[in-house]
């Protein structure tokens, strides 16, 4: 194994055209309208690591995920996985081989399994698609193995998804992802539709699998506690931009970007430690007409004239004028002492 | 102790379906005092929403209240005729639903919906009602309320809408507000604002709140007392600090242990094996015994009644007086140690 | 008294030279008049001409009625007759054959007109009852000198307004919806009707028409579907007047192509063999058609003309129904197992036409002939089988009323050979039945002025066709008018409903 | 809003052009109008001449272009059957069809909506079961059977209502109305019931389904939780939301009512455009057929436009959408 | 490797499928509704009658040689003047009405089923393509659908009939009528399918299981066919039943207007049209029995469809 990162994302950008129909624009003399869902995102993920993306709804997390797995072509930027570009048209053959190493687990376990297919067929679909088995018996065998791996009974292969609970379905989805022998799995809010007790089962399973199979995860979540539990590195997104990328323990010990701090402050204090918190301000703005300069400035207590004017560059993983200028003050530990 | 605002006694709710009668609630009892926030937590399907609906009298067929009683300010309300119940809804009990996107009628102005509610319940004129509506909107933190009152719901963001819904629930100054997962559909950041708002407004007016959620964090921040529900029963009820920090019921323990926290350091989360039984197939005895690491013979046979234990009530035989050895055994097990992974037990 | 009258068809144009069609002619006959008229028995009577004579075979002299006024108040004179004679023969008229092309009209005085012919024509004025005389001044004043062609792309004044000399005038006319007639107070004759207003509505749905009569919303309907006659007669307020009609319904064969268009017989045309035609003839159970399909209201016919129109009709008798004989004939002709042939049939033109064809299909099936019936609305039917459709038919049903009420018309149009492209002979002989002897006789019949000699020649000609089995005449259908009990009406065999003979209590 | 209307109009023009082309091209192929025009014994030369005069020999595209150019001036040519301008004929008959369709639409709405609301609110009651059964019968019986049955009972047997026609009409300018005379009013009863019955049952079922849907929504639950009266909930909140989709369907139905009128008009001899069209089909009267199809398309397009605008009036979400446009 | 016979898993699956059905809400709601059961029974009996007409019917009314004009207009057997040979009497051509109804039903059904099959195939494919691929294709298909909606089935059939008659002037109606009807019905009913399918496809294609399949690299046509189609086809079942009823009515109406099937091969609609002419004259049975049959069948099918709609709608449960 090399030390080179498995996944390298550079300058990823995705613009959606949300313009009104042509005639409306002509009559109203409006320009085209675009929505920058993802705007210049760069990060890398090392093998066996879990990279987590957090941020409020609409910040562009899922869009990044979809571009990384190749479901959505980026407007600009590049995704390189194991040295192969996912975006470069030329490398089609290698990309096809790469395909099966990348899989995704979706948020809604009720929508991610085709309700008309038997579980066995669902899990077997990637095996068949990638020709990973010689004959039917081998397919069945592999499906059984996969189901066992996620703690289900191979006999469950004959059942339909609706016969399973949400947690069990998410296990099936994981089995499907693993059936393709993938080693990089993108998880878009894999547990947010589940009860906490079931969430614990899935998170534990994901970690077990990571330990056993050396998987690499891109984990998307808005639940900081989950991220805290799973991630090695954390990227914080706001309105399509990555405002902070830091090792997980640093983010929680000493959040640097004001937005990261705000997010941490918003998390309810289960331990009832009574840690001091600043109340959250406002809501995420309309991404079609984002604020000028640093898009966070209307909600930021540290904003000044410069923040309103110019967008901050990323310096040492943080994109914030205040941090760069040292106005942000000492990184404040989010965790009360003693926890 | 003064009379509780809401008192639920041995409430039973059934859903009569073709496949038999589902006991969605099976003997739920709790009180909420004036100004108190009672958090109701539990897994999906545990009966939290049904409890809320039963209190406000909105159980729809095929559901029906099959036993127990509900007292509002000492007056029994579960057997009131529809017209009388209607006068209580909105006037004495307010309600907030989970999804602010769908709770407001998209065809009517926000203000009209508030005014309509005020006029229904309070003896005021239209102008006065409108003035009150504006005040309320200001109070829930809608900027430029005078202007926004004539807006339509689709012109408001999710958080704003939930504020409007809150204003609607509070507009007749009810004694009790039932909030059924008021923040689940919202962003973490907005969630904090709404929770804060509920807390503040209710404290100011002395309104009792029944806060239904499955987010333990919200409960920890907001509630005075917590009821943990499991399969249509209250497994444990007590002061929030006790229940969160030192739960007694094995289910509560598992629940608390399975929540990842910002402070948590454990490599593995506590994992309760299996999932909650379907209501049609609730096991005999203690409904939790199939998943319980401490279950013993009695749990199979008998249903534990809630009993007082160290200041809060727990429905578990481990805490039955005279079960010293069992309790000792249970207490030895640390709350967050991983339970033995077992296959889903089949009775 | 207001008379409400409903007909299946409509009054399609008010210009009397636009469309030669029974219903239209009958309607306009209430408003316009010809030099002659026909009585209730169809006998030719004086009309606008009081009398006429033939001083020499090629010259006819007509004495016009004096004191006749058009409905707009102008006097009727010889000028109008001369004008009408030109107009009726002009481009765009649908009545050009009413008056021979080479006939010269000469004004003798204001009330006398001579017609000079190039050859004798004993039946010159036989169709003049529907050659309506128009006012010259009115036409000139309204820019309507030229007849309105059927295909007019600009409507003409004459098509929307009427100015006749007849007993009624048109008060209002909304095509396809309603036409209102009012009596003409200045009419020269003595009215035989007692009406003050006639409201005419076209109702093309049979059931609706009958319902309207039964519910008393109309006083006269034409026609009554055969099956409803009993019902109408049983009702309290209406009855059906029936009577023989002059139209002959018959079946015809394609006898000209070497291979039939729609048949499984390849390389030859079975209908060229008289035995096949005879077999078909003998397979048709005309009595069953009469009793079952026509409900007794038809007159089986051995000739291609109605008995009323030809005195020696009685001398012809249909061959008997003979299924076995027919089979044998077919076998002799080389079709022991029959064959398959397509049949064209209108389904909205004649009384129960579709059902007759269906019945024929069943009867022919018994001798092993499989007939593929194509029953279609008249528009499609005529488009296919007529000259303009290239006579694309193998076997068909058609009906014919000789416009002249004379056999010559039948012998010439229906039974004449179609082989001369410069002649109109046989234009409606869709299957081109052809016998030169018959043609020769036909030509003599036209110029023969001795009635008895002429009749013998006609008889001989019909005998030729009869023996050739050139056609299968079926029957003359019946008239059926539904009339309210308080209405009296004279029924004429040409199916014209004439308002001036109607009285209402 | 302006852009919206502009787009609608542009779409309408496309629709009309397409329909015009289809109508024209198709009917150009039907039968040979010449046979309709001339009598049996017209010689061939004369036929050819008439063909040339009518322009039937030109290429189809030329004929179509000519047709469109004239149609733009409301000149649809001369009817082959009636020898009158088609525009006059249609103009004369349009009031009859529109009155019939509107009365039928009114009937179907006035009866259908309350029945739908009732059956939705009283699910399972005897009367609403009866309504539902009736509505099924309504969609199951072919229109012509209903017409025959109604007429047989009410005009032939009972003699209460006229069996055909429009009764007496009054001329109001170019519009002839039968709604102002007693006989006209009596005459419209049976045809409009026949025509409206199917739509009525459709609307009833639609209202019921939508109402049930709306009654399950959160905002209705929330309205209950606010203690509003059933009246306010059912007729204030639920019905208004129900009407949003009902408007579209009802609008579309009005279009098809006009088109469907041809069966009713045929049976009741109603002097409207439908009967005219049916007659034209039978007689291969191309100008009338083509004009009728264009007209139906035009009415449909107009109704659609009105429905869309109405939609915006009812639903503020769309209104906002229009305004920002 | 297990020595189990290979059939066991499928047998088990089948058994469980049966168990699922027995257990399902559909069956229960079916058994709970007597009206539906009766309707289904009527439907099945009529379908069987139509399917086995050649074996059940005493005579073949389509064979002209087997009808005798002399038997025409006989009343039903139990009415005075009836002939025991003809249970429901005869029509104006002497056809046994009972046989004619069985055969007519067969014709009506074949027309209905074929027409609806064309409509469904067309509508489903177009709807699927429009919904899944979107963009200009979608816009185009939906515009065409709009235009098509302008014209009800009757109008379309009249148009098509005219065209066919013009194009195949020589060909007898017998040979074209069937095609005309089927195509008209197919062309006028497809829009509903297309719209429904497109609507649910738009929802379904964004569901994660489709994304998952795309991720594996399954080609779009396969995804449409194997994933999307099975999941959007549900509501089509309801439309199918209701459309079948509608198609039969449409056929009858067209036959009533004289554009339908020829009288030599009468469908129910043609029989009614023939019978309608004899309503006033007292031969009520010619219109009554086919009329009742038609109404009963359509009603029964609609009832089943109605129930199906409710039973398949999860929100109503």
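Per-chain residue numbering starts at 1, and chain names A, B, C, D and E are given in the order in which the chains are listed.
By definition in this document, contacts are C-beta pairs under 8 Å (C-beta built on N, C-alpha and C of every residue); 3 or more make two chains touch, one makes a residue touch a chain.
As the structure is a computational prediction, the values presented were derived from the model and not from experiment.
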item	value
Co-neighbours of chain E and chain C - touch as defined	D
Steps needed, at fewest, to go from chain C to chain D via touching chains	1
Contact-richer chain pair [A-B vs A-E]	A-B
Chain whose Cα centroid lies at the greatest distance from that of chain A	C
Whole-Å gap between the CA centroids of chain A and chain D	54
Distance between the centres, which are taken as Cα means, of chain E and chain B, whole angstrom	52
Cα-centroid distance, chain A relative to chain C, in whole angstrom	89
Distance between the centres, which are taken as Cα means, of chain E and chain D, whole angstrom	25
For chain E, residues that touch 2 or more chains besides their own	165, 276, 279-280
Multi-partner residues of chain C (each touching 2 or more other chains)	207, 211, 214, 348, 377, 380, 383, 389
Residue list for chain A, restricted to those that touch at least two other chains	none
In the complex, chain D residues that touch chain B	217-219, 221-230, 232, 236-237, 240-241, 244, 314-317, 320
Chain A-facing residues of chain B, complex	43-44, 157-160, 187-193, 195-196, 214-218, 220-221, 240-241, 244-245, 254-255, 257-264, 267-272, 275
Of all residues in chain B, those that touch chain D in their complex	56, 58, 86-91, 94-95, 97, 99, 102-109, 116-117, 120-121, 152, 154-155, 165, 168-169, 172
Chain A-facing residues of chain E, complex	1, 9, 12-13, 16, 207-209, 211-218, 227, 230-231
In the complex, chain A residues that touch chain B	56-57, 165, 167-168, 195-201, 203-204, 207, 222-226, 228-229, 252, 262-273, 279-280, 283-284, 334-336, 339
